[in-house]
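Shared chain: chain A. Partners: chain B in the first complex, chain C in the second.
And then the complex of A and B:
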């Protein structure tokens, strides 16, 4: 008897990672259904929501926040039990959280993938850079990444391209902002290595997207769609005959008698439960919802590692006024940074560090600060103008080590509007990043001194950076990891994870491109088997 | 009482609204609850921001939003106006001294100035990413492009989400600043 399926492959989640996986499968002639808990919403509505919001610093605010598909800032979404309030800004709509990222699309370094072997800490990846490299190239093409083919991205001041590439960046790098140029001109002679940030914010027409025109609003929403967001490939999926079902919150993966997954069960906002079958399943519901779904379904967890090893690039920041006008806020919201601490023997002792140069229009932060000091009248206008020209904002991130105690679990007692458990997160910072923080603060002092600066804030404490990794960790051993190097569950041969949650050692670069590269690779493997 | 050169006194406003009843239905002239008229409040806004030609609709929104936060706000505005009159505050350069002598009035003035400059009243529950939690979100939108904090940099940066430039314009410092 021939078994009938609703689709060859069901993808849970329509963000950048899931939509790219679905797109690659459709290209190879497979039938695909994408299930998305949120809804389609046109860009213009999000832009209008932003412009009329009193919460412009809250990047989730312009987005739909429904009881059945809440953003992560919904008060009951996460219950924290650790020493750090883990609260990333995650969205629930077609396209996912890449609606409000700054589109940093780095490749990890070969050494990032050998952390344990080289430096004796953390974990190794079960895959080498060379093996992943072609998929990085395809991911960069899909996203229209702009980058430099001639720089040493390890931050060690090398003369040429590193890591090596088999294909050039699809889009050339945009011009350096005057702000970036001036900081580099003065800080580089002190030994700080500045690197342009590869980014999925095209500066020339690409795949229906226009070139960036410097609206300076990458977060929370690019008004013109120059910046990539996952809805680009969700739309491609539909055009290619795939199905994207909105308002479909998957709450259970059903196991068959042969150890394979046979169905996904989803619930709609009006509490209808629907069961869909497929040959293969890809869970791409981000680094928190993916492990939650596995744990709720009691699947893929023979290692007891599902939900564990939660990592963010927990960070800190510095704001100061330079002694010259730098004119931040012109162009995109970030463009690169200082990477001396990206790799080296020091990783035996303390975390890697990235210092990113934030380039947002600073008027709100400055005005809030001045008003809090009671400054009004002509002095207020003069100071806004002067400070806005000289404002420097550094956002640093640190490489947390995987720790099984840092974990996300479904709540044992609390449920959302659909009757599905909410999540509990236990997250502690570690000594590895505390030692890194000492180095970062020494850098801060040097930045301020060299720029003739006046400190506004150099002690922010630890902050969320929304780079979720480790929760469905990839490894070489079924006893200590959730998926193998193909992103396939060790326990269920037709179940794959397509999320940054597979990343086993987090380096200091934004993980989305790597999530997409792994998803494309997994799609290729699935396409051969289906 | 007279707060700006263009402002109307309370007596003038009352007289106007009595003799021209149709005016009362126009935006900006509706009589607000409590002890202050919208016209008085608009005049106060001009004094507190040091700006002429403010949009009266924004004054109206601020008065409504701050009254929603604190029902005694109109009375507090009345007290502020009296205190400013008693002190003789005409120029915001003197505000610091006024605030020192009128500790109860200064926060009322600052709430109005803040609304004009930031474009919202109250406190957003999560004002920043990374999120900063406040126990209660009582923020109300007032204006975006009308927020006075953007005017001082109108020649150098965009109001985020709007664009005046083209790809790579950012390679140079602002044209208004580079000459000479």
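And then the complex of A and C:
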């Protein structure tokens, strides 16, 4: 007698990573159910929610924050106990948090994956760049990534393409903004290496998406859908005969007697509990909810590493006025930056650093700043006009090391409207990035000096960067890691994690593309076994 | 054994050489000429599947009666037309009769019947020597229900409607209106879509190029009439439309016309585009008696109530989730205004075109507006690729109707009104012609008798399936 299953594979989470995993499985003829705690919302409605909101700077604001599907900005949803308030912008809807990212889609460097071996700090990845490379290519294709095939992305000033690629970027890079050109023209001679940022804001029609038209609104919502968001593949999943069940918050993974996972239990907003079975399970509920679900279910944690090693690219920023108009805010919200500190022997001593050039229309930030200085009337108008042309905003990120004490856990006491625990996060910054910060500030001084600048703020303190990693850490050893290099749980052979949470050493680049590449690789492996 | 195999392969290679050997006898020029004619006749649009091999066939032409699969016309001897003589080729192209039997008139042979002998020769040389054999058959096969499955029935229809004669090559030389006539009526087969059809589905010559429906879209009136046609367009308007699919302040190409621009018209020489304009200027005007002003003449938007547009919305999580509003203004600002702008003026450079001064908004029918909203636009031009997302997955029929009505009322012909059922009908390809609805029952009842086959021409209504990636 054969067992009946609701699907070959259940995917928990419909974001970019989960939807791509489901899509790849469907392409290979498998039946798939995707469970999503939030709902489908059409883009036009999110645009309306944004347009009508007075809180334009709050990237979660256009998205509903349901008591039964709370976003990270729901008051008290995340309780912090460390020295840093860890609070990423996390959404609950079909398509996930890629509704409001800036769509930076970098590949990690081969050296990022050998941090311990090369520099004696942090952890190594259990997989090499070459092994992951073809999956990076497929992820870039799915997302329609625009990038340069000819740059040394390590930021070390190499002459040609690095790291190696077996396929070209599917979309050519967009033209350089005037802002980027001018900063490059003046800062590059000082030795700063400017690199174009590969991104999933396609600049030509791709997979039903139009080319970017420079609305400069990637965050909190691309009004025309040129920027990739996970709903693209969630829609593909439905078209291909897969199921996406909305309003389905998974609260428990059920273990069978043979050590495999046999079912996922979800709860709806009207408190119905439903149990679905499958041969395989992929948990793609992002780097916070994934470990929370595993811990609540008491699965996959023989290493005691689930939820630990939480890493973000905790960062800081610099705002100054240049001595010439640079006209920021034209085109996309970011286009690249300065990568001298991306790799090198220095990583033994201090963290790698990325300086990204933020290209968001600065009027709101400037106005807010001026008002806080008590400037009003015609002087306010004049200053907004002048400053908005000369504003430079640098956003830097640092490579935090994995630390088991930095962790996310289900709250022991607090619950959301469904009776599911909220989360507690303990996160401390470390000396490794503090030492990096010293170098970054020296760079800041040089930027300001070279651009004849007037500093507005060069002491922002540590900031969230919303790149959640490490919490279901990948490794070679079942005793010290949660998943193997295939993203498979060491404890349950039919349970996979598809999330940036698997990343064991976080480099300085935005991790979503890597999450998608790992998810595609896991889908291939699962498809062979199902 | 091995040796003879190798020898055999050697022979094969030798045999293949003449195909690509560039002879001294002007073959090169003929191939070049043939390639240009193939572009002007838009052979590739149907005979190459998007993403497939050139001329390997497989493109699905979806008609109200079923799918017709474009054939492999590469020089493959097994799967293509590699064994055809020039005479057989000419008969297929101009008369719709291939060595294997009758073609369906999804192949526009009634228009191609006018191709000059010289051009047929060049076209033949191009296909035989200038293209690569695709040694595989299209995956799908044409499979139509009775009576349309009976290809031989086309013979009778052909007697009645496919009797064109080749134009003498001397009259089709570059420059002038006669060349334009050849391009419009023969190669580009414009009338296939732009001329309405009679009950036998043959083109109604009294309304030549007067506009016709197909697959939900409306191929507009392109006669010289200044109100209903394109008599009011400047030469540059028309040329820019053919070249880039866009005439600022007039109209933009979508649907089948976008494909015609992408695959064919944008590749034509400037001289040929001028000839097309010259000829179209001479086409007898056809006037829609209900139309009083040209479709592009609505240039001033009716004002929007700014206070209402920026009114606070219900910010409860349920309301922020619910995307079912049928308030046209709300839908327009959320879904359309990011590109087409609050007052429908488009962007300054018209990369995102204005909805005011636009024939699909101000013209006598709303169906192209509805279809553009549903299906979007994807058009490669010599001036970059243009894309508008398809909204059929994001807006339901009521919402499409609501936003279309808002656009019509503010930016164009406010006498038009779209209902949800209109949207549904267009989604399904528009009203089915008489023949598609009744041919089967009539034939079963035996009423059809000898005349029935005439009706099979329904295929000319073939609408192209939008290629999916």
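One rule holds for everything that comes next: the second predicted complex is superposed on the first by the 530 of 530 C-alpha atoms of A that agree within 3 Å, B and C clash if a C-alpha of one lies under 4 Å from a C-alpha of the other, contacts with A are read in each partner's own complex, and residues count from 1 in each chain.
The rule is simple: a residue touches a chain if its C-beta (ideal position, glycine included) is under 8 Å from a C-beta of that chain, and two chains touch if they have at least 3 such contacts.
It should be emphasised that the depicted structure is a prediction, and the values quoted were computed from it without experimental measurement.
**Student:** For A:211, decide between first (touching chain B), second (touching chain C), both and neither.
**Tutor:** Both chain B and chain C are touched by A:211.
**Student:** Give the label of whichever partner, chain B or chain C, reaches more residues of chain A.
**Tutor:** B
**Student:** May I ask you to decide whether A:344 touches chain B, chain C, both, or neither, giving the answer as first, second, both or neither?
**Tutor:** A:344 contacts neither chain B nor chain C.
**Student:** Taking the superposition on A as described, I'd like to know which of chain B and chain C A:367 touches: first, second, both or neither.
**Tutor:** Only chain B is touched by A:367; chain C is not.
**Student:** Look at A:51 in the shared chain and tell me whether it touches chain B only, chain C only, both, or neither; answer first, second, both or neither.
**Tutor:** A:51 contacts both chain B and chain C.
**Student:** Does chain B (first) or chain C (second) touch A:65, or do both, or does neither?
**Tutor:** second
**Student:** Tell me the contact category for A:235 with respect to chain B and chain C: first, second, both or neither.
**Tutor:** Once the two structures are laid over each other on A, A:235 reaches chain C alone.
**Student:** Would you check which partner chain A:43 touches, where first means chain B only, second means chain C only, and both and neither mean what they say?
**Tutor:** Second partner only, chain C.
**Student:** Check whether A:163 is in contact with chain B, with chain C, with both or with neither, and answer first, second, both or neither.
**Tutor:** Touch status of A:163: no partner.
**Student:** Of the partners chain B and chain C, which touch A:82 in the superposed model: first, second, both, neither?
**Tutor:** neither
**Student:** Could you list which residues of chain A make contact with chain B in one structure and with chain C in the other?
**Tutor:** Shared contact residues on chain A: 47, 51-53, 204, 211, 213, 215, 223-224.
**Student:** Help me check something: in the complex, which residues belonging to chain B touch chain A?
**Tutor:** On the chain B side, the touching residues are 48, 50, 91-93, 95-96, 99, 106, 109-110, 113-114, 117-122, 124-131, 133, 137, 139-142, 144, 148-153, 156-163, 165-174, 177.
**Student:** Can you tell me which positions in chain C touch chain A when the two form their complex?
**Tutor:** 310-313, 315, 317-318, 320-323, 325, 330-331, 333-335, 338-339, 347, 351-352, 376, 378, 385, 387-390, 393-395, 469
**Student:** Would you mind writing out the residues of chain A in touch with chain B in their complex?
**Tutor:** 47, 50-61, 73, 85, 87, 89, 174-179, 181, 203-204, 211-217, 219, 221, 223-224, 325, 327-331, 360-361, 363-364, 366-368, 371, 374, 376-382, 384-385, 388-389, 463-466
**Student:** Applying the document's contact rule, which stretches of chain A touch chain C when the two form their complex?
**Tutor:** It comes out as residues 39-45, 47-49, 51-53, 62-67, 93, 204-205, 207-211, 213, 215, 223-225, 235.
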